[in-house]
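Across the two complexes that follow, subunit A remains constant while its partner is subunit B and subsequently subunit C.
Coming up: the complex of A and B.
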């Protein structure tokens, strides 16, 4: 059971990274980016492509080597470029024309299918793994089994979130992003280059989204629909964590991850005891949905409203 | 253009969508002047300021700054020319702290940031005490002080203020107006102010009266104050 909580935390970290990508677009451009999940998948598959041509090498404890870290870095850069290009080609014209938000949603939805088709076309419908060997499992007290790869995912996520948080609240550019999110017209009058802010936001979204995708590939495996299947959980982390809250998204992401992993097992035990032939692993998102509804009814501005995590 | 034609608004017609709000309005501002624009609600005062600062594009007419046609400039370009605009509403970043608002005001400022802060804290000492407070939680007067401060962080040559004393208590109106006058003297700014207060008109060098989107009168501010048109508008004749 404790092992499921740990798995939930790992999943929560991955949800957080995807969620942060969506959160940034929502904060500055005011629409839920439906393509976020598919970009997440694309980031993983781009890294996969690089990992096939870059010698993997070895690192202590983890199953992957520096080659994968380099692939991750290249994937982050490439996805940031792709997302920026899509933003400039498709979404910027909509912003300049003050298009209704339905146009943004429809465009994002269209891009989702375009990118998903590209993924199927290039990498096929099967699953892929970054490494073929079995990871070393650490057996911890309380029946917790965890791999060094998963520990790496959690630590790297926490470090990245800390860096983003620092950037957001302690740098001039980060504050300019917050100012633009607060009031774009006033930001323009104040001399903040709005075009640059939108580019920065898209680049950050690309970097974290690719990282999330690659981490999912490391901790679980790569599937063409992996990002799409996590999309709702990412949206919920953004909503429950509070609008634009970086730490809130991490907190909500972890809660949702744990609820999905732990809740599934608890309910499965109950179903098995009652001889009810339902396989709960296919309904993990239900727990995230229930959590979202409870939060929307009780704390519509996010679970961490008024706390230090509401940032 | 000559030095005394610091800013020239030449016959602009402006509005929103299909609706025109301002009709063939011309005004002229000399460097170092304190100019006030008055008029009843709906006269087009805010539209005039927005048209000058590039927030909206005039449908007709031109805006010249130091002789150069700046009609199609955006607010950011106008700011880099030294023209700073403080709107009447939504003029601070409510979610940011006071110090971050000031920092954003100087986002593209190349001069001595600390010196600007010093000037602001001299004029608005209360802001120094509230640096770590979220701007949205400030009182009405403090918000206006912060908005003005944000507007002058870039050391503008021309500060355009849209009703900075609107909705304030009478004692705060005096305090804010005194501060604007003090800032003008200390920073040697030109000021274009939309206001409805006697004090603003008394402090101004020149005044314009707008009504229904048309320029009714322009005169020395004190003459404007005593004109029949102003008496008629504000005191019912």
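Coming up: the complex of A and C.
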């Protein structure tokens, strides 16, 4: 039971990273990026390709070595370049001619399938792992089994979120970004270069998304549909956390991660007690989606509204 | 010849589904991504009602095929109503997310609950009309005629609907929601009607698909084949135009199925071929949106027959 909560927190951190990528696009361009989940997968698989070339090396405690960290860095840069190129080629013309919302959604939906097919074509439909060895499992009291890899994922996520938070609220560029999100015309009048802001946002989204994908590969494993299956949880993190609120996204991400891992176990126990033959492990994504619907119907602009989490 | 018949059958199936989507998306402006859920509801209902009994799942009622198809449409319509009750109040983007999630939910339920349709193994031996009295070729011929006629019937019904005042209100909702509301129209109710009718048409298409393939599993109603391709057909033909949807459906399906012939010339395995097709289709939809957002045919003018237009006046 407690172990499921820990697993949920790890998953929540990964969801947060994917959600932040979607959240940044939403903040500035006002559409929900359906491609976010698939970019997440692409980032993981690019890092996988690099990790085949770069010698792994060794690090204390964790199963992977510095080689993986280097390929993580390269994959983050490459995904940021890809996302910026897509933004410049496909979405910028739409923004320039003030196209209706549905064109943004359709293009994002089309990109989803293009990128998914590229992943299938290059890496096949099977599952992949960064390292073949089994990690050492630390058994703590209360049934908590945790690996050093998962602790690394959580710590790295928290550091990254702190960095982004600092960047967003304490630097010139971050504040310019907020101003642009608030009122693009007014921001342009004060001398902010809107074009650069859009590029910055897409680059940050790319960096964060690739990191989330690689972390999922480290903590669980890589599948071509992993990002798409986490898409509903990511949308939950974005919407429930408040659009564009960084700490809110982290909070909501951890909530949905715990609900997905711990909540399904609780429901399973309830179902077993009532002799209802339903296997909840197949419904984890549906479980996340049900909470997403509840949030959409009650508080579509986030539950952390007006708190410190929603600055 | 058999190839041509299969083209007609599948083209009609996709034309029906595309027209259902076109009513929701092209006329009312609902970005419904649960098409695969609706089609699966229709297909599974019809399959369960018309097949012979089988162990481990419900069904085996051996009802006539027409009853199965009608029931499929009705169940899809009910599903559309439920989805509408939940999601229709939401904004554009939220609605898209919610419908995509509901479609995924229906697929997950079909995969996990073996008692509905044997899970991933699916339902087989779904009958075609009069198949035990005719030889295989005659069965196919009859089925292609039936599906083509069914498609024309759906076309005329939908065309009648969208040419009526009802259809013009739907278009007004797409363009100016608040203005329509101020004119005293119940926007929610009109949207719900469009969603339910469109879902019924999609369910009919899904049922027809199940009878044509004679075997269905949750993967035959996946998000690529049953949401993405109809969406592409609607966009290619020009959203807000039923003729466009039909032309788009036949055009895209011909391109899709003939691409199998060219596959032999590429050094690719059978496992990779579907993904090359998917890549091509995705690229086409993006390029269409980029360079020809109105589609191949474009949108028809919507003018009431009683309204007088001046010569040379441009109506968009």
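The rule is simple: the second predicted complex is superposed on the first by the 300 of 311 C-alpha atoms of A that agree within 3 Å, B and C clash if a C-alpha of one lies under 4 Å from a C-alpha of the other, contacts with A are read in each partner's own complex, and residues count from 1 in each chain.
Just so it is clear, a residue touches a chain if its C-beta (ideal position, glycine included) is under 8 Å from a C-beta of that chain, and two chains touch if they have at least 3 such contacts.
Treat the numbers as computed from the prediction; the structure is a model and nothing was measured.
Participant: Looking at A:266 after the superposition, I want to know if it touches subunit B, subunit C, both of them or none. Which is it: first, second, both, neither?
Facilitator: Touch status of A:266: no partner.
Participant: Scan A:54 for contacts with subunit B and subunit C and give back first, second, both or neither.
Facilitator: In the superposition, A:54 touches no partner, neither subunit B nor subunit C.
Participant: So, A:286: does it touch subunit B (first), subunit C (second), both, or neither?
Facilitator: The second partner, subunit C, only.
Participant: Tell me which partner A:172 touches in the superposition: subunit B (first), subunit C (second), both or neither.
Facilitator: first
Participant: Give one of first, second, both or neither to describe whether A:107 is in contact with subunit B, with subunit C, with both, or with none.
Facilitator: second
Participant: See if subunit A has more residues touched by subunit B or by subunit C, and give me that chain.
Facilitator: C
Participant: Scan A:225 for contacts with subunit B and subunit C and give back first, second, both or neither.
Facilitator: In the superposition, A:225 contacts neither subunit B nor subunit C.
Participant: Residues of subunit C touching subunit A in their complex?
Facilitator: For subunit C paired with subunit A, touching residues are 25, 29, 31, 33, 86-87, 89-94, 96-98, 100-102, 104-105, 108-109, 111-113, 224, 228, 231, 235, 271-272, 275-276, 278-279, 281-283, 285-286, 289-290, 293.
Participant: Show me the residue ranges of subunit A that touch subunit C in the complex, using the header's touch definition.
Facilitator: That would be residues 31-32, 34, 90, 93, 99, 101-103, 105-107, 109-114, 116-118, 120-121, 124-125, 232, 235, 239, 278-279, 282-283, 285-286, 289, 292-293, 296-297, 300 of subunit A.
Participant: Which positions of subunit B touch subunit A when the two form their complex?
Facilitator: Residues 53, 55, 74-76, 79-80, 84-85, 87, 90-96, 100, 103-105, 107-108, 150, 154.
Participant: Which subunit A residues qualify as touching subunit B in the complex?
Facilitator: It is residues 172, 175-176, 178-179, 181-183, 185-194 of subunit A that touch subunit B.
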